[in-house]
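Think of it as A, B, C and D in the order they're written, each chain with its own count starting at 1.
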Amino acid sequence: MAMTGVLRPGHIQIRVLDLDEGVNFYSNVIGLRETGRDSQGRVYLKCWDEHDHHSVILCEAESPGMDFAGFRVLDLETLDTLEAKLNAYGLPTRRIPAGDLLETGERVRFTIPSGHQIELYAEKAKVGNGLGNIAPAPWAPERDKGMGPVHLDHFLLYGLNISEVRRIFTEVLGFRLTEQVLAPDGVSDQAVFLSCSHKPHDVAFVEYPELGKFHHASFLLETWEQVLRAGDIMSMNKVNVDIGPTRHGVTRGMTIYAWDPSGNRFETFCGGYFAYPDQETIIWPFEDFPQGLDYPQRKLHESFLTIVT
Amino acid sequence: MAMTGVLRPGHIQIRVLDLDEGVNFYSNVIGLRETGRDSQGRVYLKCWDEHDHHSVILCEAESPGMDFAGFRVLDLETLDTLEAKLNAYGLPTRRIPAGDLLETGERVRFTIPSGHQIELYAEKAKVGNGLGNIAPAPWAPERDKGMGPVHLDHFLLYGLNISEVRRIFTEVLGFRLTEQVLAPDGVSDQAVFLSCSHKPHDVAFVEYPELGKFHHASFLLETWEQVLRAGDIMSMNKVNVDIGPTRHGVTRGMTIYAWDPSGNRFETFCGGYFAYPDQETIIWPFEDFPQGLDYPQRKLHESFLTIVT
Amino acid sequence: MAMTGVLRPGHIQIRVLDLDEGVNFYSNVIGLRETGRDSQGRVYLKCWDEHDHHSVILCEAESPGMDFAGFRVLDLETLDTLEAKLNAYGLPTRRIPAGDLLETGERVRFTIPSGHQIELYAEKAKVGNGLGNIAPAPWAPERDKGMGPVHLDHFLLYGLNISEVRRIFTEVLGFRLTEQVLAPDGVSDQAVFLSCSHKPHDVAFVEYPELGKFHHASFLLETWEQVLRAGDIMSMNKVNVDIGPTRHGVTRGMTIYAWDPSGNRFETFCGGYFAYPDQETIIWPFEDFPQGLDYPQRKLHESFLTIVT
Amino acid sequence: MAMTGVLRPGHIQIRVLDLDEGVNFYSNVIGLRETGRDSQGRVYLKCWDEHDHHSVILCEAESPGMDFAGFRVLDLETLDTLEAKLNAYGLPTRRIPAGDLLETGERVRFTIPSGHQIELYAEKAKVGNGLGNIAPAPWAPERDKGMGPVHLDHFLLYGLNISEVRRIFTEVLGFRLTEQVLAPDGVSDQAVFLSCSHKPHDVAFVEYPELGKFHHASFLLETWEQVLRAGDIMSMNKVNVDIGPTRHGVTRGMTIYAWDPSGNRFETFCGGYFAYPDQETIIWPFEDFPQGLDYPQRKLHESFLTIVT
């Protein structure tokens, strides 16, 4: 197997202040498809081109934010191996039983030093992307619903100790550091971008003086034209836009950041280079971070650094 | 490491009838950059966004075609392991010494049952993509040269015994079978698409009654607009176009096939889905192959099946 | 008024063999909106961004083809003036009373030497594009229906005597000859492209040994990406595609030609340069017509020259 | 002739603080082609797809801004007629002799109540777009130079009395009011968008308490992808970007605003609907102007309203 270990960001549980409002937003504005509700009242959604049962779980809560983020691993053997490596590294884990999340097998949960709950799992029901696997069309009609994201792409999380988090992801979980923003001191990590594939990032962290904060979940769109369309749909729905449309210098991706009705930021995103394991890490000195964030404007938008949930 | 084993198609040696004509074509029409010439008279070229020393090697010969195709593996240990696995499988290998190709380490060469020479290597000099790794721009000015391909993406090879070839790539080299065209008998392989990444294919084979034939090398472009631009540049240079611009059903990619002045087919290509190891193989019954090849036209162009070098 | 006289192609009446099948096709596959039916059983449709009541009229008949094509003129005074000029030129006209077409004023009908029925009219009800004129959104949700054409763009008609037709359009109706394909004799007209705006063509004619033949009606799409999407939708609906996606050398537009279920060709099209009145006519010697038709392939597709309705 | 009177924005004379710096910027960063220099030291430039000798004239001065903007009219007879109409309306004109601008005929100059110098002319040498008029390619290689604008598209000017200016353009010069932003009083003009073609605007004015201010000259790009490329080139050249990439609600166009080294704003722009004479004027109440300016962000950027030269 040439792709091993952690395969991809598989799910995220997001807290919304009003469940109906949240479900309507993620379904009809962003364009996800609801695939189930559980006895706790959580709502499960997926992007049209995802095969797994869900990638976004919404739960109603008194404050917005992220409860946990999960990564799918190759198989049960990998799950055991990675759990053992985490424990050996000194990170305690606990097993959440299969079925706690709908259609999902056992999950290995642990808390990283940035204060986030991360989990690994090897099993989740395949519901397919609606195209079947016999002579499939290139896209399903639901691509036209809302912004029509292809898949959940990555998360950006804010918290303490991100250098320690980086070590866990690279030394234990097999991610690579694709890009790195240096703090003003020129030495420590301001932001780290981590890949378990040849995407430029599957997860990223920014150093921040509070534990466990959520910056955004990113949804992949196919093209820059679809990013424009997403921006139009945001405006038609009076969505609060943070930044964009623009290009990131970091990852080369094209982006819009906006907020859901509960104040959770999300990203609609396309593009980015192929990041192979034998490529050097790209370094952004702090003074170059403005063009890393907003390449055309070379501007370090204040909101990007300060507003999290 | 979440990407292991074979990383990517790394180089291809193509025979051209007139070296100067070929170098001019690959440099100025396709838009590669020449990075060296060796004592045998071979010319080395790379795409603008590749970091390795070269991906295309041109040599003058009396007939067109491909001499060999090479895949970069993660490291020397992987090279040894894969060689041992090939030998254990019953495939003899030989080591070609470092330096036989410019700036390239030792290569493990073997012949597959389709008649093609394939090789693995772990070392090739990094020359970079011209952007450096400190706060890089998203692209280099040479992107505007010729068709401006990003990287060498995959090869399609024609020959005998492709089911046996498929087994070698999946069971020995760790590739996955992402898509498969069935022969008219509904059982045997007409075409197999193999990935060692989450690209829809890194190499593909079509069953054909002659050993060792070359169908095309594919160059990645960034967008469908760049595919159009490539088509314009082909016409401006009176390049013989085979098929396209169009969309493939297979891989969902957008494509133009055309021929170099020696009659070797090449592809300029963009798009395609994310192919993860836990996805089912996509099956194309032979009667659906027309839309697999040319999705809008649903047409099995005769030239695609019959013209190879 | 800087735009005077004839404003644009305003409507076309197309014969279909089965009305329900035709209405379903133009509504759900091409993506027009039905706006009415009249007592003759004709069905009226419009593109989403058109303001006038209709642009396509379907009527059931025993053979496919075009009954007539109409152009909207600036106002009633212009209508009278142009009618007088046509009569003075020697072309008889007749008035078709207001209301013969739904929501449409009086039409001035005449037969041109190529055998086509052409009409001018100054009045048709405005139904709007669904956006209103107060702070409108940039597009309406129905843009996502079918191929989502913006407007009816132009017609291509085949018949005899197109040099004479050209004189009528340029000398009487105020069109300009933007592009011209020369016949193999190097002197006479093989095809003429005529504009009453700064579009590269609002109508075009090809010399052909039968009177009054219909080649295609063209629908404007916004982008090359939308042309690809149209091609995908054609395949999903098993539409017979003639040519494309590709770029025309003539007009520089990007195109797909396909056939409706009755065998009438239509085009989905985007792009093209700004054609101002002070620009020289572009000339295509017959031997360059292949790249005029299909720029990347430089191919004079036989079907383009021979299949008409 | 269906397009009569004023054809298009034909040239603009822009004051730059350092001529060499300005010429380098407009040539190599924006991507215009220098076509001449005159005895006053002025430098003439054109976009690649313009046929006329020049569209931008740079002159060195102590303060930035616009000296005058000129519109090409159909012919000398039109020039005389429009001059007579201007005089009859009460606007004095003066004739600037042929040759004062290189390769340009006599110009009719007048001052409008907003304080801007406007001129009309009927003659300027055709130098072509480099493609010829026999079987031309769809674009010239110089399209890849800098941002590669297609043509000078429109101007936005700030000054007093724009309602009076609107009357002159509509009642005397034959423009139409395509869009209008209302002042906070809900009645008077905050901004007027005027077309002499079926472009959404050929010139626009914003009410402002100083006479004769210059907001921007706009250069047309072909696609949203080219707008992104322009933004990348701005950043690579450390150009100060004002707003964008984004979509305007007004005109539906896609845009980036930025400043030349002297502080003159320019726009790179694509898209926009077809504006025919029989379409209603689009109205933007002042409270909706934010989405008129920046549709996704719904934001009335302060700089847009206050920074002019």
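One rule holds for everything that comes next: a contact is a pair of C-beta atoms (placed from the backbone, for glycine too) under 8 Å apart; a residue touches a chain by one contact, two chains touch by 3 or more.
Keep in mind it's a predicted model, so treat the numbers as computed, not measured.
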item: Self-contact between copies chain A and chain D, residue sets same or different by half; value: same
item: Distance-maximising chain from chain D - centres being C-alpha averages; value: B
item: Chain B and chain D: spacing of chain centres that average the CA atoms, whole Å; value: 47
item: Distance from the mean Cα position of chain D to that of chain A, given in whole angstrom; value: 43
item: Inter-centroid spacing, chain B versus chain A (mean Cα positions, whole Å); value: 31
item: Chain C, residues touching no fewer than two other chains; value: 137-139, 223-225, 232, 235, 247, 249, 291, 295
item: Residue ranges of chain C touching chain A (in the complex, touch as defined); value: 137-139, 144, 223, 225, 232, 235-236
item: Residue ranges of chain A touching chain B (in the complex, touch as defined); value: 1-8, 49, 51, 72, 74, 126, 133-139, 150-151, 173-176, 195-199, 222-224, 247, 249, 252, 271, 273-274, 276-285, 288, 291-292, 295
item: Chain C-facing residues of chain B, complex; value: 224-225, 228, 231-232, 234-235, 238, 241, 244-247, 249, 254, 256, 291, 295-298
